[in-house]
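The next part holds the structures, each set out as structure tokens.
Paired with chain B in one complex and with chain C in the other, chain A is shared by the two complexes that follow.
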Partner chain A sequence: MLRYSLIRVGQAVPTLVFLVLMTFLVVRLAPGDPAYALAGDNASPQYIEQIRHQYGLGQPLLGQLGAYFRRLFSGDLGMSYSFQEPVTTVISGRIGASLQLVACGLLLGIGGGTLLGAYASRAAGTVREAVLNVVGLTLYSIPIFWLGLLLVYFLAIQAHWLPAGGQYSFPRPTGAAAVGDGLRHLVLPTVALALYTFPVYYRLTRARMSAVMTEEYIRTARAIGFGERRVFFRHGLRNALLPVLTMAGLTLGQSLGGALLTEAVFSWPGLGTLMAGAIGQRDLPLIMGVFEVVAVAVVLATIATDVLYAVVDPRVRLT
Partner chain B sequence: MKFKAFVVAASAIVLTACSTSGSTNAGGSDSLVVGLTYAPKTLNPDYAYDPANYFIMDNIYSRLVNYGYDDEVHGDLARNWQKSADGLTYTFHLRSGVKWSDGKPLTSADVMWTAKSIIKEKGYGAAALAGVSAVTAPDAQTVVMKLAQPNSSFLDQLAQRYGWVVLPQHVFDGTDVTSNPANKKPVGSGPFVVTSFTPGSHVELKANPGYFGGAPKTKALSFRFFSSPDAAVTALQSHEIQFIANAPNYASVPTLKKAAGITVETAAATPPTDVWLGFNLARKPLNDLKVRTAIAQALDPGEINDLVYGGTKKVSGTVYDPSSRDYDASARQPAHDVAAANALLDQAGYPKKSGTRFSLTYTGFTASLAGAQQIGEVLKQQLAKVGIGLKVENYDFSIFADKIMQQHDFDITWSGGPHGPDPQTFANYVKTGGNRNAMRYSDPEVDRLFDEAAKSSDASVRSQDYRKIQQIVAKDLPRYTLFQWNYQFAYDSRYSGFWWQNTTGDLPADDYAQVTASG
Partner chain C sequence: MKQALSARGPILRAAGRRPSVRTTVVAVACAVMFLALVLAALHSAITPDDPTKSLAAPNSSPSAAHPFGTDSLGRDVLSRIMAGTRYTMVLAVGSTAVSLVVGTVLGLLAGYFVGWTDTAVSRLVEMFLTIPHLFLAILLVAFLGNQWWVVVVVLGLTMWPVTARLARAEALRLRGREFVEASRIAGVGGLRVIVRHVAPNGLGPVVANASMQMAEAVLLSAGLSYIGLGDPSQISWGGMIQEAQGSFQTAPWAIVCPGAALTVLLLSLHTLGDVAVRVLGGGNEADIV
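Let's look at the complex of A and B:
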């Protein structure tokens, strides 16, 4: 088990190095001078030169790369131009908001999708199942960005029920009011993100449940005389959830990507808006830092899923 | 069935969360939330240029002198001042009893220290202090600045909108000023005090009850930073913010005008700001005055204004801004005349070959607030009428700035910037080596006139010099002035007291101390 885990981690190293290298090259080779974006429209050439020197932008590309890898290994992602703070400080200040959104969105999306999928498999052939299928397929086809804008337009701008964006109101409420205020701000982005993951789990669980419920051990369980509820949940759903588990690991990574878009729509102060701002400012260390943190998170989530799957299904370790 | 119960319960949770929310927070009557599509890196404008601070700093700090919305120089920390007969010594008398937000008294030592520190750190405001040979503080309420040579623009340069706020010596002295924590948690002497700053997200401020200009009417002021203009507009429509400090994008103005509870008003830019087209004088055929004149004749700024800005900008036809000092209304650029332009181009030796004489490139940038991208498309049509082909290229702002200012890789470009109120500002754009002179225009007479005007203490000499400069530039056409800039500000209709609505005129732009809400 340990050996398997170590091998999986080892396999991830080249992936990560490649990702870092790609990020570095793509960003550096793009046209445009970051010193200009930093110094501003009215700055004198001397001031721009000073900035360029300060951030080592004058060094040759290879020198910049070597220095970058050295610092990366010591956990230093460099200084953010636009925040004038270490990239790690900037990211750690924002990652919480992103994780909160991803956690809530995934919980609602995966939980809702799985349960409704299971429900649909029970209701096979009924109008209810047909309705759920149409809803699922429609949501599956809608871009998350557009869906978010629709939610904002109807629920925030027209109805004034929920805030259109942000993580809290200003001036900041305190005490119990702050909790309610935070929850209200969380609703729309969570729903948008959940609607993005929901159809995948709905379809997966429905298909798996339909297959599992025809297995022989289900028939056996029924023959023994277990109640229908126990057969459905303990014998049926539990087995159907294996592929859902695999999928969840992958979705965690994808959701971070989805959350970046969701954050942009809802002005959610997480890594997504951070990334958007960093791109606008050509804040190279920050762009690379966010990208690398997200990449590492995706790779780690994939490894965790593999390992978890091996725990659940011993056959995996043997291959 | 259990599932049904769960599904019902799950939907109920979501629906309850929606329905119990009631209406969204619309700010209290004594609070104001301002949206901004820039985010400041720090809250200290003295050591680094950061455009977002334009919108915030006057609420936190005070200056020695500043510009009011009327474009006149007003005393801020300085109660009054005297200039010596030789024009070399300025004596400023400070207000007494002014306190920093941490309770310590603000004295002339702080002003002196700030000036020296800006010079030492080569901050953005160092240009204003370039001619200062000595700063002294003979007593706690007096600051004396000595100049190496007379500079008629000195007060204007001190009042310039960026990079010269007075900082507390007791907080900064002896520290690394660029990394001092007070850059993000400022100690100021302005109408508001910062209570929290989350870079990239928001700044929260509360009223400074002891402010020397009187306690602000707004008790709580917040700035929220948005990554896109559309997100800021959405927040205004849902009344989560009450104002967009750097104006909404043009595309959203018609929607906002129709929106309930939102007012859109036009306000002149302060200091006066113009938009122009720059010609690359190092390239053929733009180095030919006849070609530049013909292009100017082919242009119809009125049409550009209508198509790109909904007719909201002012077109003067002159080279300089009408609201600036020493403006010369007779320094007019060539009038729109397509026939004359065609004739002039024939004469210059660029006959039409299958409809086209030659092709140029227009370089713009994509930020939607400026309209630089859209202008290119209109220009293309206007120049086609005189047989000039135009390739339109638009870039992200930093790439654009690099192409124009560093590489000088453009034929025609969009540009905009302050034109006054001090006419010496124009030197940035048309004096040899001016830091915004991307056209690389160089005229010895223009340079001489700028130098003479700066040194002269005679207002009539200066006025003559500046008028002559405008006449020369209008004929030489290194650039073509399109319009005078203004803003279409959108705000929550319950609020009033913004700087452009203030009748006394001494309130600086972006100062929210007088804003109040009715009801």
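Let's look at the complex of A and C:
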């Protein structure tokens, strides 16, 4: 188990090196002088010179790459010029809000999709399954930012049920009221993100369940005389959940893309809103920094999923 | 669906019988795609109003003259949606083409030659699959420029791994087949075997997936335009939604209509994609895992 985990971590090293190489290349390929682009508009000549030195832009290409690696490994992601603060400081102030939203949204979306997918495979051929399929396909096709805006329009602007955006009311309530206020702000973005992740897991679980339930070990379990409920959950669903776990790892990056757009719609003060703001300000070091942090987080999460997979399914460890 | 198509023969021959719901849905999806292509090709020649000119009061509600109302600058929303079809379709078709070319070439090479070629390509595929696509696209477009052709290449480069996986699987399947081995034993070079024998027989799943790739391109490009990285010289549906967000309360139609256009197009692409996968083989997300 430990050996498998270590091998898996080792395999991630080339990916991380590749990520760094790619961001390095992107800076070099940008049209114009990269120092000007990274320093931002209205930068003083001294600051541009400083950037040139920091990024090693005066040196030959290999030297530049070396300087780039050194800088990243010392945890220096550069300066954000729209905030006039180190990128790491800006990002660490926002990462908590993103984690909160992503955790709630994915939990609800994956959980709901899996359960309803399993239910739909059970109800195959009925009207209920057809309705679920149509809902699934429609949600699969709705751009998440538009879905978010519709939720805002109908539930926040028209019905006044929930706040339209932000993480807290202003002024922020104190005591127990603060918790309720925070939860109320969390509802709409969570629902939007959940509706975005739902169809992927719905479609996957439904397909896997239909396949698993025709397996021989299901027939065996029925022949032994286990109840249908036990066969369905213990023998069927547990096996169908394995690819769901893989899928959760594989599509984490995609889900984070959805979270970015959700945050932008609901002005949720996380990394997505930060990224959207950085685009508006053309704050390239900040865009780069958010990309690097998110990409590394996804790589690490993929390793975690794989290790988790090995815990759940011992067969994996042998290969 | 495969059953529906093969058992009853071509859709048109099922005369005398009421077409099934599925057949109708597929026909509608085809019609939507046809309409989108026509609009993209004819562009402003057939829009009722000039999509770039202010023609009426800002944010005026839908009326006979402007069925989808006007936006915050008094421009006709219907005309802008029709004109925006071009950007959407050019990006969808262009980036899918990039993805198909890059992914097919690398995938076939990896699956046919196996060995270190396969290892290298497979690792690259895994890396590109792991990196969040929207974030990667934002990074590349923000640094390299937001002209439409840059966006086409960037989206193609974020989508090729799926194509490569499908092509590789087919090449792996075909390389052991008799007719491929026969030509290899006859001394035909590897590249020639791929072009003449493997590719023609192995591209079904890749082609089937094209519709799904177009859908992903539409979603990604709309997302990019929405957060301000679309080509500013082009009308895009995502950009329209972004521009209308400020006057959401007074003119919801300026957001609802372009979003509905996106959803209808994506529904059609997904429906056709499902059909194509069933008929031509290949996989959806369930098989990728």
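Keep this in mind: the second predicted complex is superposed on the first by the 233 of 319 C-alpha atoms of A that agree within 3 Å, B and C clash if a C-alpha of one lies under 4 Å from a C-alpha of the other, contacts with A are read in each partner's own complex, and residues count from 1 in each chain.
By definition in this document, a contact is a pair of C-beta atoms (placed from the backbone, for glycine too) under 8 Å apart; a residue touches a chain by one contact, two chains touch by 3 or more.
Everything numeric in this text was worked out from a predicted model, so none of it was measured.
Colleague: Just checking: does A:V127 make contact with chain B only, chain C only, both, or neither of them? Give me first, second, both or neither.
Modeller: Neither: A:V127 stays clear of chain B and chain C.
Colleague: May I ask you to decide whether A:I224 touches chain B, chain C, both, or neither, giving the answer as first, second, both or neither?
Modeller: A:I224: touches no partner chain.
Colleague: Quick check on the superposed pair: does A:P171 touch chain B, chain C, both, or neither? Answer first, second, both or neither.
Modeller: The first partner, chain B, only.
Colleague: Just chain B (first), just chain C (second), both, or neither: which does A:L62 touch?
Modeller: In the superposed model, A:L62 contacts neither chain B nor chain C.
Colleague: Looking at A:V294 after the superposition, I want to know if it touches chain B, chain C, both of them or none. Which is it: first, second, both, neither?
Modeller: Touch status of A:V294: second partner only.
Colleague: Applying the document's definition of touch, where does A:F145 land relative to chain B and chain C: first, second, both, or neither?
Modeller: second
Colleague: Quick one: is A:L2 in contact with chain B, with chain C, with both, or with neither? Answer first, second, both or neither.
Modeller: neither
Colleague: Please report the chain A residues shared by its interface with chain B and its interface with chain C.
Modeller: Touching chain B in the first complex and chain C in the second, residues 31, 37, 152, 157, 264, 276, 280, 282 of chain A appear in both lists.
Colleague: For the complex, which residues does chain B have touching chain A?
Modeller: The contact residues of chain B facing chain A are 2-4, 6-7, 10, 14, 17-19, 21-25, 27-28, 31, 33, 39, 41-42, 48-51, 122, 124, 127, 162, 178-179, 183, 196, 198-202, 204, 220, 222, 224-228, 231, 234-235, 237-240, 395-399, 401-402, 405-406, 417, 428, 435-436.
Colleague: In the complex, go through chain A and note every residue touching chain B.
Modeller: Answer in residue numbers: 31-34, 36-37, 39-47, 50, 81-85, 90, 93-94, 108, 111-112, 115-116, 118-119, 122, 152, 155-157, 160-167, 169-172, 181, 183-184, 187, 191, 229, 264-265, 267, 269, 273-274, 276-277, 280-282.
Colleague: Residues of chain C touching chain A in their complex?
Modeller: It comes out as residues 123, 126-127, 129-136, 138-140, 142-145, 215, 219, 222-223, 226-229, 238, 241, 245, 248-249, 252, 255-256, 259, 262-263, 266-267, 269-271, 284-286, 288-289.
Colleague: For the complex, which residues does chain A have touching chain C?
Modeller: Residues in contact with chain C: 14-15, 18-19, 23, 26-27, 29-31, 37, 137-138, 140-146, 149-150, 152-153, 157, 200, 203-204, 207-208, 243, 246-247, 250, 252-254, 256-258, 260-261, 264, 275-276, 279-280, 282, 284, 287-288, 290-291, 294-295, 298-299, 302.
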